[in-house]
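Presented below are the structures under discussion, each in the form of C-alpha cells.
In what follows, chain A forms one complex with chain B and a second complex with chain C.
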Partner chain A sequence: MKKIYLLLTAALLVLALFPPVQAEDLSQIRAILEKIDAQSRFEGTDFSAVLTLIIEDPEEGIEKMVVRQFRRDDGERYLLLIQEPVTQRGQGYLLEGDNLWFYDPSSRQFAHTSLKETFQDSDVRNADFSSTSWSSSYEVEGYYEGTLGSFDVHIIELKAVDDTVPFPYATLWVTKDTNLVLKVEEYSLTRRLMRSALFPKYAKVGEAVIPVQMVFLDELVEGKKTQVSLSEISVAKIPDHVFTKAYIERVNR
Partner chain B sequence: MFTLKVAFRNISRQKKRSFLLAGAIAFGMLVITMINALTGGLVENIRDNFAHALGGHVFITGREFNERGQMVTRIRPDQRLDELLTEHAPEITAFTKRSQALPSLIFGSKQTMHLVYGVDFQEEDKLLSSLVVTEGSLEDVLSLENAVILPQPAAERLGVEVGETILIKLETLTGQHNVGELLVTAFVEDQERFGISAAYVSRAYLNSLLGLGPEEYQMLNMFLIDLSLVESFTRSFREGLLAPGEEQEEEEPAATVTVGGVSLDPVPRQERISRWQGTRYRVMNINQIMEPVELAVGVLNRVGLVIFIILLLVTMVGITNTFRMVLLERTKEIGTMRAFGMHRRQVQLIFLWEAVLLGLVGCAAGLALSGLIVLVVGNLPLNVDPSLQFFLKQGRITFRLSPGSALLNMSLVVFTSLLAAYWPSRAAGRLSPIKALSSHT
Partner chain C sequence: MRKTALLSVLLVLLLAGTSWAVDFDELFGGDLLVELEVDEGALAPEEALLVQDRLDLGGSYNFSLRASRTFRGDAEPEDRFRASLDSQLYLDARPDPNFRAFGKVGLGYDASGGEDAFKSKLLELFADFNYDNKVFFRAGKQNVKWGVGYFFSPADIINIGRIDPLDPEAEREGPVTLKVHYPKGSSNFYLYSLFDGVKELKEIALAPKLEFVVGKTEFGLGGFYRQDEPPRLMATVSSSFGEVGFFGEAVLSFGTERGFLEPRGPVYEVVERDGVFLQATAGGMYRFKDDTGRFDLAATVQYYFNGEGYRDQEGIKKVRLALLNQQLPPVVNPLKLGSVALVGSGRHYAAGALNWNRILGSKLSASLLLTANLSDQSGLIQGTLRLPAVGKITPSIGVGTNFGAPGSEFGAAGRTSQVFAAVTIGGSF
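Up next is the complex of A and B:
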C-alpha cells in the first residue's frame, strides 16, 4: 500500500513539475509556423540537388532511387528527373503552380498527378519536394513544451483548415532556439498515426534552411520506410526552359 | 424427282469422291459454325458476367459539386428516385445501393489494394446467402459495425486469420487520408471468379470513412426481369431524374462505373463541365458497356466469314474440276439417256442436284462435327487466369449459334456448290446424243 502511495505521489510531482503547457497566446506558435515556412523557401534564388532515396519495403525489399531536383519557389515550380534505377530513368515530375505532371518516356505521355500522391512506391509525397505551408494549411490545436533527444522543442498539434491537405491532423516537434522541424507525425481523419517524418540533419542553403537528411516511416505497414539524403546542392540560377514539358522530352531523346 | 433420284444414285456410286468433296465443304462449315457459336457464347457470357460483377443491368450514379468546386460521387436520399423505384418495381428483380472504394488493406507488414463494397446487409439479404463461406461465419456481420467479409485470396495475401483486425487505408471523397479498422469475420470464395473480387463491409462504416452520410450511397444497381426492357427502363429513369434546367444528354457520356478500380467507360471523351447545384444523375445500362465488346465480336465474325468464303472458293474450284471429270466419265451414259428421250434440262438438273446434295451433306456433316466439338469442349472445366473467367460460364466455354446464321451459312454453301457445278452441268446438257454415244471415253 505504501508503495502505491509513493508511486502516486511521484506521478503527481512529475505532473506538477512538467505540466503540458498550453500556450495562452497561440499567436506565438503561429509565428513559429510562419518562420518555419519562410526558412524552407528559396526566395530570389533557384535550388537544385541530387536526392538519393533508399526505399525499404518488407515485401519488395530495398530499392535505391536517384533523382535530380530543380526547384524554383517563385511560381511554385519544380522538376524531378529520375536517374536511377535504369528501368525508370527519364521519368519526370513537373510542377507548375497547382498542376503536377508525370512524364513516362516509354509512352511519351504526360499524365496529370497530384501533390497528395506518393512519389513512386516510396513513403515520400510529391508535396514533400516543395516548400512547406504549415501556417496557411493548418491551425494550431494545441501546444506543449518538451524534449526530443537532447533538443528542447515546441510540440505543436495542428488541424487542417480545410480538406485540401492530405493529412487532416499533424504534430510537429520544433527546436525552440532555431525553429527547425525535427519530427512530424501525420494523422488520418480518424486520428490514426499514418506517417512519421524525421529530419536529423539540416543545412543552410542560401537564405533557406532545409533538411538534407530525412526519414519517412509508414506507421501502418510495419517495416516500411524511406530515407532521403541530398547532395550536390546548388542555388545557381536555373534556365527558365528547364521547368517546361519540352525540356523533359528533350532530355529523354 | 427422277433427276433427284439419279443424282443421289450417282453420288452413292462414287463414295470416295463424294466423301472428299462433302468433307471439304464440311470443314468450311465447321470453321464458320465454330466461330459464330464461340463469339455468340462469348457475348452472352460477357454480358452475364458484367451484369453480375457490376451488380445489375442498369446503373445509376450521382454527381455533385462540393463547396470547393470538387465533383464528388454521391447519391443522397431522393424522393424522385424512390418514386421511380416504386413505379418500376414490377420490372426490377433486385436492386442494390452501394458505396465503393479501392483502399489498401493492411495487416502487419503486408498490404494489398482491394475493391471494397459498402453494403446495407439488412437491405441486401440475398447477398449473404449467395456468398460461399470458406472460414468464419456471417452471423456477426449484421451486428458488428466494422465487420469485413474477405475473399479467400485476399485473406491469403494478407496472411490474416478470422477474428483478427486489419487496417483499411483510403481517401475521402475530397482526397484526405483516412484509416479504419476492420474485424475479419469470414472468408468467402471469389464470387463467380471473374478476376474481380470484392470485400464487403457495412455501408454505414465505409461511408463514415469516405465522408458520406449514413443514408447516402454511390451506386444504385438494378437487375431487370427481362433484358429487352433495358433501353426503355434506362430512358424512363433518365427522364425522371433530370434536374430542373438540366438537358438530357442524347447519348450518355462516359460514366463513373468502375470495377476493381478499372473504369468501364464505353467511350472516354472530353467533357466540358460547368458547375451545377444539387445532384445530377447518370443512368447507364449493360448494353452501353457491351457496345465495344459487340463491335469486337462483329469484327471477329466478319473475319470468320471471309475465311469461310475463301474456303468455299477453294472447294468450288474442286467441285468444278470434279464435275468436269464426271462429265468426261459419263459422256456415253449421258448420250444413252439423251437417246432414250431425256431432255437437256434434265441432264443439267442431275448435275445441279448432285451439287446441292453434296453441299447439304457437307453442311450436315459440318454441323454434326461442330455439335460434337461443342459437346466435348463445352464440358471441359478450364482453369484459366481469373481475368479470362469473364469469357466463361462457370469455368466453361459456352457456344451459342443463332438459327439465322446457320441458315445463312448453309445457303452460302448450297449457292456456291450450284455455281461451281453450273458450267459442267451446262456442258453436259449441251452434249449431242450422237457425239456422246460415239465418244471413246
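Up next is the complex of A and C:
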C-alpha cells in the first residue's frame, strides 16, 4: 500500500514538473518527428549491413542470429537473408512497398507476411528493418521535457493514425540537440507497455544517421530481449536484381 | 577504447531484465555517435553471397522414436513401435556468381522394418545460370512454388508431390523442369518446361505463369499444356486484411482424366466425361497474441471445392468397401477402375489447424488438425502436445481419430483411434 502511495506521489510530481504540452506547441514536435524520419532514410543511396541479433529468452536460452540486410528506401525495399543459425539459413524476407514475403528454402515457397509480425520469434518486428515513419504513422498526443542518462530529451507521446504499425501507442525519448531517438516504449490498445527499445549508439552513414546498436525488451516476459548490432555497413549501389525473388532463390541451398 | 565501451554497454544490457532495470546513466552517459570502420571487401556483399564458400556440403538429420496404440472397433488394441532415421544431404557448388549446381538426396532407414528398410531418393538436382542478371534459369529436378493454398492447392498443377493435409508444411517432390524466370519490378514472369515421363519432344509440357501485385494483394495467373492431357488455367490470390492473411486459388480444367461412376441398375459403369471442371479454394490465417503472452494462438482454415468430385458418393463408397474386403467392385468395366478417384472423391472439403504456442506462458505447445470430406461426412482429426525440448531432443504426445461411414474417404475401414508418444532427435549441419 505504501508503495502505491509513493508511486502516485511520484507520478503527480512528474506531472506537476513536466506537464504535457498541447495543441499549439505540437507543430514543433511534428517537425522533430519529420527530422527523425528524414535522417533515418537513405535518399539516393542504397544500404547494406550485417545484423547480429542476440536473442535472450529466459526459457529458451541465448541464441545468436546473423542476418545480411540489403535496403533501398526509394521504393521501400529490403531484403533480409538469414545466415546463422544453420537451421534457419536461407530463410529470407523481401519487402516491396506494402508487400512483404517470407521465403522458406525447404519448400522453396514465398508466403505473404506482415511488417507487424515479429522477426523469427525475436523481439524485433519486421518493420524495424525499414526507415522510420513516426511523422506519418502517428499523431502527437503530448510531450514534455526530461533527461535520459546525460541527455536532455523531448519525451513525446504518440498515437497511431492507422493500423499499419505494430503498436497503437508509443512514447519516444528524443535528444534535443541532435534529434536522435534514445528510447521507445510501445503500448497496446489497452495502454499496456508491450515493448521497449533502446538505441545507445548511432553512426552517420552517408546522409543518414542510423542506430548501430539496438536493444528490444519484451516487457511481458521478464528477461526476454534482443540486442541488434550492425557491422559491414555500406552505402554502395546494390544491383536491381538483388531485390527480387530470383536473387533469394539463387543464394539459397 | 571503442571496443571496451561497446563491451561495457553489452554487459549492462545483458545484466538488465526489463527496461526499468536498465542503468540509463551508464547506457546513455557517453558519446552517442560512433565512427564506422569502412571495410569494403574485394567482392560486393551481394556477389559474395552468390559464391559463398564455393563448395558447401550440409544437410539435416533426424532420429525418431514413436510408440503408438491403435484401437479398431472391438478388436484388441494394436501396439507398434518404430525407430527411424531420416537425413537429407546436399552439395552446393558455386564456381562463380553466375553459375551454381545443387543436389540434394533424402536417406531413410526404418530400424523396425524388413528388407525395404533403407530408402534413398533424389530430391533435387539442378543448375542455376542467368542472362545478364535479367533472365534467370534453373534446369533440373527442383522444388517448385506454384499454388498458394495451405491444406489444398488445386492450382499446384506442376509439382509431383501433393500436399498432405495432416502435414501441410512437408517438402513436396518437384518436377524435372527448365524454369525461366524474368522479374520485372514487382512482377514475375515464369515459363516451365516439364520433362517428367517425356519420351518424345512433343510430350514436353509447358506451364507459363505471371505474378503481379496490386496494392497489398498478389495475383498469379498461369496455365498448363501437354499434348493429350486436359489443358488447365489457374489463378491465385494472396493478401492480408489487418491481422488476417487470405489466400485463394481457382483452376479451370478443360476435360479430365478422371473416371466417373454411372449407375447401371444395381452396379456402376466407369465413364469418361467432357466439359470444363472448376476447382476452387479459399482460406485464411490469423495469429492472436494477448497482452500477457499467455494466449499465443495461430489458426488456419480452408475450404476446397472440387469440381471433379463425385456428386453421388454412394458408388465410390461401394467400390472402396469392395476393394477393402478384397472383393470385385460392383462395376461393369473393372479394367477402368484405375481412373476412379479413391482419394479426392468429394466435391467439398474443409480443413483447419489451431496452434497454441507456449500454453498459458508455459513451455508446452499444442496443435489441433482437422481435415474433412464434407461430401461424405468423413474426416481425420489429430491433436499433438509438444513437450519442452531438451537440447536437440523434442518429445511429443498425441491422439488421432477418424470419422465417417463405412466406405467413406476417411472412414472406409471403420473407426480407428490412435494414441502415440514420439521423440525426435535432430538438427542441421
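Keep in mind that, in the parts below, the second predicted complex is superposed on the first by the 228 of 253 C-alpha atoms of A that agree within 3 Å, B and C clash if a C-alpha of one lies under 4 Å from a C-alpha of the other, contacts with A are read in each partner's own complex, and residues count from 1 in each chain.
Criterion: contacts are C-beta pairs under 8 Å (C-beta built on N, C-alpha and C of every residue); 3 or more make two chains touch, one makes a residue touch a chain.
Small disclaimer: the values here were computed from a predicted structure and weren't measured.
Peer 1: After the match on chain A, would you call chain B and chain C a fit or a clash?
Peer 2: clash
Peer 1: Thinking of the overlay built on chain A, is A:250 touched by chain B (first), by chain C (second), by both, or by neither?
Peer 2: Touch status of A:250: second partner only.
Peer 1: Based on the superposed arrangement, let me know which partner A:114 touches: chain B (first), chain C (second), both, or neither?
Peer 2: Touch partners of A:114: chain B and chain C.
Peer 1: Is A:192 in contact with chain B, with chain C, with both, or with neither (first, second, both, neither)?
Peer 2: After superposing on A, A:192 lies in contact with both chain B and chain C.
Peer 1: State whether A:221 touches chain B only (first), chain C only (second), both chains, or neither.
Peer 2: both
Peer 1: Does the superposition put A:106 against chain B (first), chain C (second), both, or neither?
Peer 2: Touch partner of A:106: chain C, not chain B.
Peer 1: Figure out whether A:167 sits in contact with chain B (first) or chain C (second), or with both, or with neither.
Peer 2: Once the two structures are laid over each other on A, A:167 reaches chain B alone.
Peer 1: Chain B or chain C: which reaches more residues on chain A?
Peer 2: It is C that touches the greater number of chain A residues.
Peer 1: Of the residues on chain A, which ones does chain B touch that chain C also touches?
Peer 2: On chain A, the residues that contact chain B in one structure and chain C in the other are 59, 114, 116, 163, 188, 190, 192, 194, 220-223.
Peer 1: Given the complex with chain A, which residues does chain C contribute to the contact?
Peer 2: Answer in residue numbers: 6, 9-10, 13-14, 16-19, 22, 24-30, 32-36, 38-40, 44-46, 49-50, 52, 56, 58, 90, 92, 100, 102, 128, 130, 133-134, 136, 138, 142-145, 148, 169, 171-172, 174, 181, 183, 186, 188, 213, 215-216, 218, 238-240, 242-243, 245, 247, 287, 291-293, 361, 363, 427-429.
Peer 1: Touching residues of chain B toward chain A in the complex: what are they?
Peer 2: These residues of chain B touch chain A: 68, 106, 108-111, 167, 169, 171-172, 174-180, 209, 211.
Peer 1: For a test of understanding, state which residues of chain A touch chain C in their complex under the given definition.
Peer 2: 48, 56, 59, 68, 70, 81, 86-87, 89, 96-99, 106-114, 116-117, 148-151, 163, 175, 178, 180, 182-183, 185, 188, 190, 192, 194, 196, 198, 200-205, 209, 212-213, 215, 217-223, 225, 227, 229, 232-234, 236, 238-239, 241-242, 244-247, 249-251, 253
Peer 1: What does chain A use to touch chain B in their complex?
Peer 2: The touching residues are 58-59, 114, 116, 160, 162-168, 186, 188-190, 192, 194, 220-224.
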